[in-house]
Each structure stands twice: as C-alpha cells, then as structure tokens.
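Both of the next two complexes hold chain A, though its partner changes from chain B to chain C.
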Partner chain A sequence: MVCIFMIDEQFVQVKNLRKVYDNGHEALKDVSFSVKKGDLVCLLGPSGCGKTTMLNMLAGLLDPTSGDILFNGKSVVKVAPKDRQIGYVFQNYALYPHMTVLQNVMFPLTVGKNKRSKAEAEKVAKKYMEITQITELANQKPGNLSGGQQQRVAIARALVQEPQILLMDEPLSNLDARLRLKIREEIRSLVKRVGITTLFVTHDQEEALSIGDKIILFNNGVIQQDDVGQNFYLEPNNYFVANFVGNPVIDNFAVKIADGKISGSDFEIPLAALDQDRIKGELTPGEYTLSVRPENILPSEQGHFTAKISDVELIGRERILKFDHDGIQARSLVNLETTIQRGDQVQLSMRLDRIFLFTKEGTRVY
Partner chain B sequence: MKKNQTKAWLFLAPTVILSTLFLIWPILRAFVMSFQSGSLINLSWTGFSNYKYIFSDPEFWSSMSHTILYAVVTVPIGLAISVMLAWMIFSKVKHKSFWETTFFMPYVTSTIAIGIVFRYIFNGDYGILNFVLKFFHLPTANWLDDPSMSMITVIIFGIWTSLAFNIVILMGALRNIDPNFYTIAEMYGASSNEKFWRITMPQLVPTLAFLLTMDVISAFKVYTSIYALFNGQAGVGNSASVAVFYIYNKFQMVGTPGVAMAATVILFLLILLTTFLQRKLMKKIGEN
Partner chain C sequence: MKKLHVGTLVAYIILTIFAIITIFPFIYMILGGLMSFQETTAIPPTIIPKHFQWGNYAKVFKQAPFARYFLNTFIVASVTTIVSLLNSLLGAFAMVNLEFKGKKILQMVMLSLLMVPGEAIIFTNYNTIARLGLLNTYLGLVLPFLTSIFYMYYLQSYFGSISKTIYKASMIDGASDWNYIWKILVPMSKGGLFTVGLLSFISSWNSFLWPLLVTNEDTMRLLNNGLSSFASDAGAETELQLAAATLTVLPILILYFIFRKQIIQGVVRNDLKG
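Entry: the complex of A and B
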C-alpha cells in the first residue's frame, strides 16, 4: 500500500545517472532526483552544467552511460523516445513552416503507430488549441505568428498525444523580456490546468524561481541543490548556490575563524553572537568565506565596519549602494528613499541570523 | 536629387552598356531578323514569311517535338532520381562530402568529353551498356545507329548529366532543414517514409521549383550532348534533331538567318511560357 503510494508520488525518478560523451566529457556525474506527479520542476544552471543533457536523456534522445530513469515506477532507459509518452518543446520550437497551425498541432496524431483518423486527430488538436488559446490561428503558417504564439503552438503540439511528461528546453529564451514574463505565467497556469508533470530547463534563475514548484540546480554535472525556490535564497546548500541565485548577487568577504571569533579585514564577530541553531558544521579555526545577501547588510548607527559608497544605483523601488571591501565590490540593498550618496562614509551592519559561512571548498558551515 | 540620379546612372553605366550590348541587343536583333530574309549582309523585310515557312516545315515540327519530348521526359525523371540520390546520401551514407564531390564531377567536366565516353558506353557492338544488359539476359539495342533509339539515348544521357547540379543544390537544401524537425517527428513515432513525405519534400519545394525552372530551360536549349553523342550530327537521319540544331542548321548550313531567327523567337516564347506556368504552379504547391 505504501509502496503504491510512493510510485504515484515520485512520478519521475532518476537514479545515479551518469553521462560521459564520446569525447570523454563527463556531462553528468551520479545524478539522482525525483519529481512528483503534476509538478512543474525547473532544471536550472549555467550553460554547460548538464541540464540539457539531463532533459535529452529523459526524452530518450541520449542514452545514459550508467544509472536508471523511471517513469511511474518503470525503467525507461531501454524504451524508444516515441514510446516514453513524453512531449518535447524545443528552444526554437521547431514548428513545421510548411504546415498551418492546425496541421502542426495535428502532426503527432497523423504519423506512426498512434495514427488516428483525420476527423479524430482534428478533434483532439482543436481541444488542445482551445486550451492554449490558438484556435483562431488554425489556418495561419508559423512564419506569420509572434514568438509567444509560436510557443503556444509548440506546446499544443507537444500535448496532443496526451503525454505523461512534458519536457521543455529553454522555451522562453527566444522571446523578448516583457513577453517572457507573460508567457512564463501562461506556461505555468497551462501545465497546471492540464495537470501534466513538467520539466523545464532554464538558465534564468528568476524564471525558475517564479514558475517552478521546485528547482534542481546543476553545476558541472552535479546537483547542487534540489529544493523549493525560497530555500535557494534563504538556505543555500553551498557557496555556488549562494552566488548563483540572487539578484543583486550576494556579497562575499574573506574571513578567518580563530580564538572564538570571526575576523574580517576590518570587523570581528564573536562566534557566540551567531544563531547557534544555524550552525551546520564545525567552526574549526581556518579560512572561510562570509556571505551575506545585499538586503541583509544595511547602513546603521553601529555597524560592523565602515565603508565609502562608491556608487548608488537605482533599480526600481530599491537602490543598490556599492562599496569596496578588500578590493572587491560589495553591495547593500536599501530603500528608494535613502539619502546616502556617492562618497559618503557609511557604517554597515550585517544580520547575523542571515549570514552564511562557507569553507574554502564551498561547503556551508553556518 | 537630380544630381544623385546622374551619379547613379554613371555608376550603373558599365552594367547597363554591357547588358544592353550583349543581352538586350541580341534578343531585339533576333526578333527583327525573324522578319527579314536574305544573307546576313543583305537583309530585307519579308514580314511573316519566315514564320509561315517554319510552321509548314516538317523538320521544324519534328525538332520542336523532339525538344519538348526531351524536356518533358528528362527533367522530371532527372529531378526524381536526383532527389532520391540526394536523400540517400544525406540520410544514409557516411563520408557525405566525398560522395557529393563525386556526384558533382560531371558538372565540371566538359559535356563533349563525357559525350565521347558515352559513345563508347552506348556503342552497339562493343559498348559496356550492351555488355551489362547481355550479362543480365536483358534485350540490347543499337543505341547510336538505330534512328528509333536516338531520342532514348539522348534522354538517358540528358538525365545522367542533369544529376550532378541537381544533387549538389538539393544537398544544400537538405542541410538547411532544421534537424529538430526530424527529432520531433521521430519522437512522435513517424516512419522514415512519413518523415520524407511530410517534412523533407515540402521543405524542398522552393529548391525543386528553382531546379525545375533551370532544368527545363537548359533542356529546351539542349545541343552539346547530342553533338557529342552523334559525332556532330543530330543522330542518324536527323532522328535526334532538336530546336537548337534546327536553328544552327538554318543559320549556318542553309544560310537563312531569318528562318533561324524565327525559330529562335518561337523557342524563346516557348521557354518564357513554360517558365511562367511553372512559377504559377510551384507557387500554388508552395501555398498548400
């Protein structure tokens, strides 16, 4: 009973997956994760991190070197792409330019073993065109459509075979910034309405944070963190995650731990002042990186150190105060109303229950 | 504005002068000459008599019908074989560039040279073609010396020579097709037949339209290959005479440039009309 429940819960399971390309490049190193039925999961990471390799292996376009992929409890590693019950949306959509929108959407139903009668195919296609709101574009050619419309056609085409899993490879990267915001919300509401399990590859953290039920962050072929969005921000697993996620980027200060205190070049924090519940590893004496998000290091009467503001940048309803610390630029995120100007000497105070400490290897200890 | 225009004409002048001299003038001259008779240095107006002459000349009609037969048979078969070969090289064969170069060789080789080689291949007594046919117990033919075989021989040779250019252009077009089109189709279980007919062929339509136009035009102007195959003749007893042979014959051999030019004008109009119809047809196919 419990077992059946588990299978249903973890709809996609990836176990110890490894991929080494013919040229010896190890794109994925022992990757394991699972996805719940109906979830929208973002595979996030910088380019070359292995996220697209991961997606292509789920699709069956690439064979894993070792490890297993299970859909609904069954291994699909030896199953051909066409029998995996997946829908795939390419980065450039790959709509057939010589077919109308309706013909494009119908295409998966008019080829191969799943071929249906024309009337039936048209009926199913029209149903999904209604869901994706492209019914009125039925007789247009893709060349006449806007990027957003093409996107919807591609999704409708990916859905007509009623797959179990929808795979999307950077589907928003061809759209302009404003449209991207709109379409990503549309995609989320659409896949939620259809109830399909979706894996969405992106390199844009904002996109991932805004639409993913959870995010799997890759780097160098290794999962850095597999978590809900806010945890990437509040509880990063390691130095890479802390620096990859967040805009403006996190501030990093080189520090030493010795004699029961953390010492920076011009500040000292007693270890006793830290939130003891947040300590994750042993704070043995040595060199560390203290990282703090710009909104958690703010001007105050009694700061940890004094800095000269080198620049003030306005970003909408906030301002970024930039300052140099040990020759590295750091940032403090303040209210729009601040009167601090370039050249001012400001005392800066860090929220100690919000700072992170990383070892030289990048492991988080606080 | 005005000054700019003068300058523009100055810049265009070399092209305008050269194309007028070598393109427009000959066409106009041919058109004018088709209404004149006499020798080249002593022409006089005769109205439509040249046209009347060629329309009542059985040799003209047989040349024209040979030309049309040649175009109608050679071009579609040549294109079909080219598409087949290009698709095979593209989708199934390794070392694509080697095969592409091999298939392009005939294009850069002189038709006369190839024609001479083909005379040996086609030879009724010691030709390789008959040897192979005999080997497989198939009926042989006297390809070059039997008047009823002349056009067939010319057509086979024409198809062969048309492959080179077609294949290279088609390979380029095949390479331009987004490989994701096929990945998607495969993902939905499309067979290779379905991939070819639903994706490749429609994507090739613009290229096929271009090749069809080029091939038809060159088919209407066929001359060199016949000249080479039959040692400067139009086949035994003019059995492979085509429009250009007729024109050349009337101009150079018989010495009636007016008649030759009348035939030229007719051929010109025929090519123009066919090209125009083709464009309409291909546009229609492209829209569907």
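Entry: the complex of A and C
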C-alpha cells in the first residue's frame, strides 16, 4: 500500500538529467523533479531554457546524456517513444495533411502494437472526437480547419492511444489571445476529466499560473523553482524567479546593507524593521537588490521616498504609475479610482513584509 | 504603359522564334515519315509531302523487329523507373529523417559523385557488366541506372520541406519507419515522386549510348538503337528512319501531353527551392 502510494506521488520521476548537444551546448544541467499521478504540471521558462528539450526526452525523441527518467517506477530511458505510453501534442500540431480528421485521430490505432480492426479503431477515435468536440469535422482535411480546431484534433489524436502521460509543447502559442484563454480552460478540464498526468510546456507565465497544479520554472537548463503557482509570486526562490513571474514586472532597487540598515539612493530602512521570520540568509554588509512587486509599493502620506510620476497607464481595473528611480523605470500598481496624474510628486511606501532582498548572485536572503 | 506593350511584343516575338526552332524538327520528323525517299532528300526540301506514304510504317515493322524493340524499351524503362524510384525514396528518407554515423561524409561523397559525368564512367561500367557476363541481358541494360543520386537529392529537398514534427508525431503514434514511409511520406510527396518517376522513365526511354554498348543481338536492342537498322552501306532510308523516330518519340510525347502540368510543377518547384 505504501509502495503504491509512493509511485502515485512520483508517477513521473526525473533524476539528475543532463543533456549536452553535439555542438557542446548544455541544454539541461542536473535536473531532478517528480510529478504526481493525475497532476497537470507546467514546465515554464524563457525560450532556450531547456523546457522543450526536457519534454522531448520524456517523450523519447531525444536521448539524455546522463541521468534517468522513470514512469510509474520504471526507467524508460532505453524505451522507444511508441512504447512509453505517452501522447504528445506538438506546437504546430503536426497533423497529417493528407488524411481527414477521422483518419488523423485513428492513425495511432492503425499502426504498431496498438493496431486494431478498422471498426474498433473508428469507435475509439469517435469517442475521443466527441470528448474534444470535433465529431462534425470528421471528414475535413486539417488544412481547412481553424487553429483551435486543429488543436483539438491534435489532442484527440494524442489521447486515442489512452496514454498514461500527456505531453504538450506550447500547444496554445499559435492561437489568438481570446481563443487561447478558452482553449486553456478546456485543456485543463479535459485532462482532469480523463484523469491523465499532463506535462505542459509554455513560456507564458499567466498560462502556467492559470492551469498548472504546479509549475517547474527553468532557466539556463536549471530548475529555478518547483512549486505551486502562488509561491512563485509570494516566495520566489531567487532573483530570476522574482523577475520572470509577475505582471507588471517587479521593481528592483540597488541597495547597500551597512550599519544595521538598508540604504537605497534616497531611502533607508533599518534592518530591525524587517519581518525577522522572513530572513533566509545572513544580511552581511554589501551590495544587494531590493525587489518589490508593484502592488506592494504604494502612494502614502509617509513614504520611503518621493518620486515624480512619469506616466500613468490604465490596465482594466487598475492603473500603473510609472516613475524613474536611479534612472530605471519602476512601477506602482494602484486601483482605478486613484486621481494621481502624470507629473505629480508622490511619496511611495513599500510593504516591508512583502519586499525581497537578493545578493548580487541572485540568491534570496529576505 | 506603352513601354510595357513594346516589351511584351518583343518577348512574344522572341518566344515565338524559339518555339518554332524547338518544335520544327518534331513536325518535320512526323511529316518526313510520311514522305517518299525522293521527297526527304530533295533540294529545296519538301515540307508537305504530296501523298502521305502511310506504307512507310508497315515497312518499318517489316524491316526490323520494331515490336521487340518497343517491348525491350518498355521493360527497361519500367524496371529502371520503379527500382530507382524505390531506391531514391528510401535513400532520401534515410538522409532526411535518420541519424547515423558518417551521414555528413556520405552526403558529401554522394554530392561530389553527382559532378562526375555519366560518360566518364561508361567504359568502366561496360567492363564491369562484361565481366559479370551480363552483355545482351536486361539486367546489364538496367543495372547501372537502378540508383540515382540526382533523384535522391531531388526527393531529399522534397522530404526536407515536410515538417520534422510530422515524423516525430508518427513515431509517438506507434508507426515504424516503414509505416511512416508508406502511410505518410509517400502520400504527402506524390508530386515529387511523380516527377522523379516521369523523368526517370523518359531518360531511360531515350537512352542511346549504354544500350548500344552492352547489346549486339538484335533481340536485345532498344528503340533508339533500332533506328540504325535503316541505314546501310548503300545509304540511309531517310523516310523510314523518320517514321521509326516518330514511333519512338510517340509514347514520350503522349506522356508529356497527359502529365505536362505535373512535369512543369516539378521543375518549377525544384528551381524555387534552389
């Protein structure tokens, strides 16, 4: 019983995985993580961070240089893609253009070890076409379909083998903004209904935050943080995470720690005023970056410093006040009713229990 | 506007001149095959024969085993086309989709072989075929042409334009390479394969030097070599040669008329891809 529980907790396990390409580029450096059965996990990161390499290795389309991948407790590194019980949705969908939608969805059931009679294959294909709502497109060719429809065909084709793991490589990046919102909700509810463990690659943090049960953030081939969505926002592991996640982006101020206080160019904060429970490392004297999310630096009567508002931008129910600090643009996120205008001098105050301090190397100390 | 008109006019005149230059020999060949011997050699030349001599064609079949030549040519062209098409297909697939050691070197070697003209190796090929005892056999006629680097490269550029993810998708869908080739690659590359097949058939049909070298029995001759049957020490029977030439070209002309769209598309596509 304990054993089964363990395997469910670590349905997909990646251990010390490294990938060095023939040209010497090290795409992944000692990556380890695990995924719970039935979870939808987002692999997030900027382009070139290694997330697609990771997905291709899970699929078996690339061989790792070293390390191990386990599905359901068994190593699959030496297993061919077709025997890994995976479904894969490609960024460009990779539908077979000369086949109809039905033939596309049926294809995995007409070749290899999943081959079955035509009637049976058609029955299974139609079941998944119903789930993905493409039944009425059965006789169309992919070239005649919209991006959203092609997407559904690709998902139906990936699911028709009834795989244990579904891998999706930026499946929404070719869709327009409105459709993307709709389809991502559909994808989440679909994979949850089918109960399939899903790894979803994206470079869009908003997408990752909205659909992922958890997010694994990559940069330069290293996992920066492996956590539930809100922690990327509230408790970023390091400077990279703090800056990658969050919109509008976080404000960064260069500061020094000396004589028991944090000094910026025009503000000072005594170390004693910090929330002592949040201190994660030694606050030794030296140079640091103080980062604060725009909603945690607000106009107030008694602020930490005064700034001249250089621009006001409306984003739906909120406004962004933009100001220069040490020659770098910074932002304060205020509610819609605020009457502050461009050119106003405003005192700004930071929530000290919400600021972060990073060393020059990017390690978080507060 | 006026300038454009003049330009168009000049273009049309030039095109017309070249078209006449290109087409005239064909027309003359057809007409000449229907002339009497005197008409074909008359000065000034006859263009339209007084009486169409349909009997020339009967003579052609009587004087040489022309039906046999047709059969031989058809067998050789078909076998060459089918086998070289298959080889180019598999070779191009491997070069595009498979990763193996020495792929780049192999590619380079083959590319440099492409620059060796066929005539340069025809005698070594002849030696090989002769030593294998394959003179006057169908195998000897087709063997050197069963692979073609040019067609392989042509298909390679065709296959290369198919997204790599389609191949990956088929791998994940459980398809073997063999499944991929027949269920996906071939149906998606019909145009390219068709062009290769047609070009191969035509060039095999028109081949002259090689069959002349490796056959000396009348029963193994091909059409083009058969044309020499109408020349003897006493001189050439020009009207019969022209009639036989018409017969030889006819199947290819028919092929061109039926498939001209595909032929032009295939050539244009190749050019655009550079």
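Methods note: the second predicted complex is superposed on the first by the 365 of 366 C-alpha atoms of A that agree within 3 Å, B and C clash if a C-alpha of one lies under 4 Å from a C-alpha of the other, contacts with A are read in each partner's own complex, and residues count from 1 in each chain.
Assume contacts are C-beta pairs under 8 Å (C-beta built on N, C-alpha and C of every residue); 3 or more make two chains touch, one makes a residue touch a chain.
A quick note: this is a predicted structure, and the numbers were derived from the prediction, not measured.
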{"item": "Simultaneous placement of chain C and chain B on chain A, clash or fit", "value": "clash"}
{"item": "Touching partner for A:K113 - first (chain B), second (chain C), both, neither", "value": "both"}
{"item": "Touching partner for A:Y21 - first (chain B), second (chain C), both, neither", "value": "neither"}
{"item": "Residues of chain A at both interfaces, chain B in one complex, chain C in the other", "value": "59, 61, 81-82, 86, 88, 90, 92, 94, 96-98, 107-108, 110-114, 157, 161"}
{"item": "Complex contacts: residues of chain C adjacent to chain A", "value": "163, 165-166, 168-176, 179, 183-184, 187-188"}
{"item": "Touching residues on chain A, where the partner in the complex is chain B", "value": "59-61, 81-83, 86, 88, 90, 92, 94, 96-99, 107-108, 110-114, 157, 161"}
{"item": "Complex interface listing, chain A residues touching chain C", "value": "59, 61, 80-82, 86-88, 90-92, 94, 96-98, 107-108, 110-115, 157, 161"}
{"item": "List of chain B residues in touch with chain A within their complex", "value": "178, 180-181, 183-191, 194, 198-199, 202-203, 205"}
